[in-house]
Amino acid sequence: MGIIVFHGSTRKDSNTAYLTYRAVPKSEATHIHLRDYQVHPIVDERHSEQGFKPIDDDHKILIDQLLAHDTVVFSTPIYWYGMAGPLKQFIDRWSQIMRDPDYQHFREEMKKKKVYAIIVGGDSPEIKGLPLIQQFQYICQFFGMTFAGYLIGKASKPGEMKNHEEALAKAAFLLKRE
Amino acid sequence: MGIIVFHGSTRKDSNTAYLTYRAVPKSEATHIHLRDYQVHPIVDERHSEQGFKPIDDDHKILIDQLLAHDTVVFSTPIYWYGMAGPLKQFIDRWSQIMRDPDYQHFREEMKKKKVYAIIVGGDSPEIKGLPLIQQFQYICQFFGMTFAGYLIGKASKPGEMKNHEEALAKAAFLLKRE
Amino acid sequence: MGIIVFHGSTRKDSNTAYLTYRAVPKSEATHIHLRDYQVHPIVDERHSEQGFKPIDDDHKILIDQLLAHDTVVFSTPIYWYGMAGPLKQFIDRWSQIMRDPDYQHFREEMKKKKVYAIIVGGDSPEIKGLPLIQQFQYICQFFGMTFAGYLIGKASKPGEMKNHEEALAKAAFLLKRE
Amino acid sequence: MGIIVFHGSTRKDSNTAYLTYRAVPKSEATHIHLRDYQVHPIVDERHSEQGFKPIDDDHKILIDQLLAHDTVVFSTPIYWYGMAGPLKQFIDRWSQIMRDPDYQHFREEMKKKKVYAIIVGGDSPEIKGLPLIQQFQYICQFFGMTFAGYLIGKASKPGEMKNHEEALAKAAFLLKRE
């Protein structure tokens, strides 16, 4: 079923994208840039009488793409020691999908996925990015997905990733992990 | 200068709000429910030539309130092991404020704040909420703010917090920490 | 089968002990002070031909006590952001017990235990003690034990815990968690 | 002043040692195998009237070696999600050194060190080894040392590390981090 990459960066040609394409070349995966899709933030209506209101945006298009692949890569810059908004917003809405009659198979399908994370930050990401890695781990654990590996890159200024030899060398190994 | 509470919950009368009001009674603080304000998500333009575009929303109103208090409480339900969207969105935009000529004092002022966090989740929050606590800690560390304490509550269904004797007992102590 | 407490403190009448007795009164549990027992450090012989050499110390006495109870409390001062030596040494040797023909039931029995942790430190223990809490969580996860709760106290000088109202108040709730 | 490596493994020719020698070749550093030295466990006498009793073992030999180098590598197998006994015991006794009149310069000297950590485990070390990485980070932070990088290897059976291409590739980069 192949690999899908969800890019959380809000900036074009970001350092995060550069590292991600080195780990998962364009030709080898479906690449989704979340900034090109409209996804509304979740409103918690799990406990309201009528349940979640249907929302007219691109979320289900993205969910269908997610379900059509068996390896999922989440790629995000680190914003304030968490994931970028577009990615979090996409994930937050899973709470709604899980209660959608059209997606009763969602949880069971997710269980079969293999997940990787690629995160890039400027402030000691190898240490201060670890809570974000643990967050991905708990998300995977929730569904019983395999969290197969992660890659942490350090960069701030545009183009800087190109000089980060170590991260680029590691990138080549990411998808080889089981 | 007093206490300000930023509520991240998207639901009215949430368990998170109940616990928060027990820790910080209505009469003792300025309570801001972020869902009542419009804050656009950040678009990373730190490196674009013209810098960040001005955004017409309520963010600066909230920043002015933040700066007018010396104790700051962040209150949020745990969504997918991270903070709720409205709170993250508010914080993400600080990156823009820090580059706004009208807020050159922002970073220096933030340094003086004392910060508390209140988080509530349904899935083992005392363990799986810890990455979120560490995220708050790194945010405080960035500015040199004092992260003076946190409170973790467990609840899923509406009204459930009322029976969580332990969290309520702890709530009474939160602001006494230095 | 009742509660057993393993005290890791090397000092008599420590702050850690004080807090622990408030959470688990003397009369309600078997209290084991590990410093009163001789436990040799593990030598990793998992892969040597003849396996682990038998060791003449008190470790099996402690293991038998452990197995005779269904609720286990680990109590330890925080030394350099980890658990105290006597407790770690006791746990490290479980690797040997798991390969001991007399204890083939060890792993299966451990699965049934409910575990609590009490940790006390002087340097921001509520933040800097969290890796230790996560370590306990992973130990529990290894066996499939329930990690039912933890208590973090702050104290440095002898006797200081007596004034830590908040920790003492929390102590009363520890064993009530499920 | 050069590089010193403290090896915490209790087993000769361990996977941890193999990875460590790939990151820090024999000829480029002073390699200390802690299992070849006698270090007694700490007994907390910080608060006893006469202070710590002098201990007749090899600890000060090791401390003198530590102080004679400016880059320090801690290498340890992961035992129960923490560092191995010989390394922890060596570090625990720093509490005693800091109160030793002969080592009044200890804390000030430590501040100048650059520190790396190499950890190897068999049970999802890239996730479950993270609390140990954070522990090293807090130890560094205590002294104001620079925690310049870490390396996590996965291996259980003897010799297995030789096939862990990714870890070996990363090893080559470890000391290049600043």
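A, B, C and D label the chains in the order they appear, each numbered from 1.
The working rule: a residue touches a chain if its C-beta (ideal position, glycine included) is under 8 Å from a C-beta of that chain, and two chains touch if they have at least 3 such contacts.
Bear in mind that the values here come from a model prediction, so they are computed numbers and not experimental data.
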| item | value |
| --- | --- |
| Where chain A and chain C overlap in contact partners, by chain label | B, D |
| Chain B and chain D, separation of their C-alpha mean positions in angstrom | 38 |
| Distance between chain centroids, defined by C-alpha means - chain A, chain B (Å) | 24 |
| Where chain A touches two or more other chains at once, by residue number | 130, 134 |
| Chains grouped in pairs wherever the two touch, ordered by label | A-B, A-D, B-C, C-D |
| Chain B to chain A touching residues, read off their complex | 9-11, 14, 41-45, 47, 77, 79-83, 85-86, 88-89, 91-92, 94-95, 123, 128, 130-132, 134-135, 138-139, 142, 157-158 |
| Of chain C, residues touching chain B in the complex | 126-127, 130, 133-134, 137, 147, 149-150, 165-166, 169-170, 173, 176-177 |
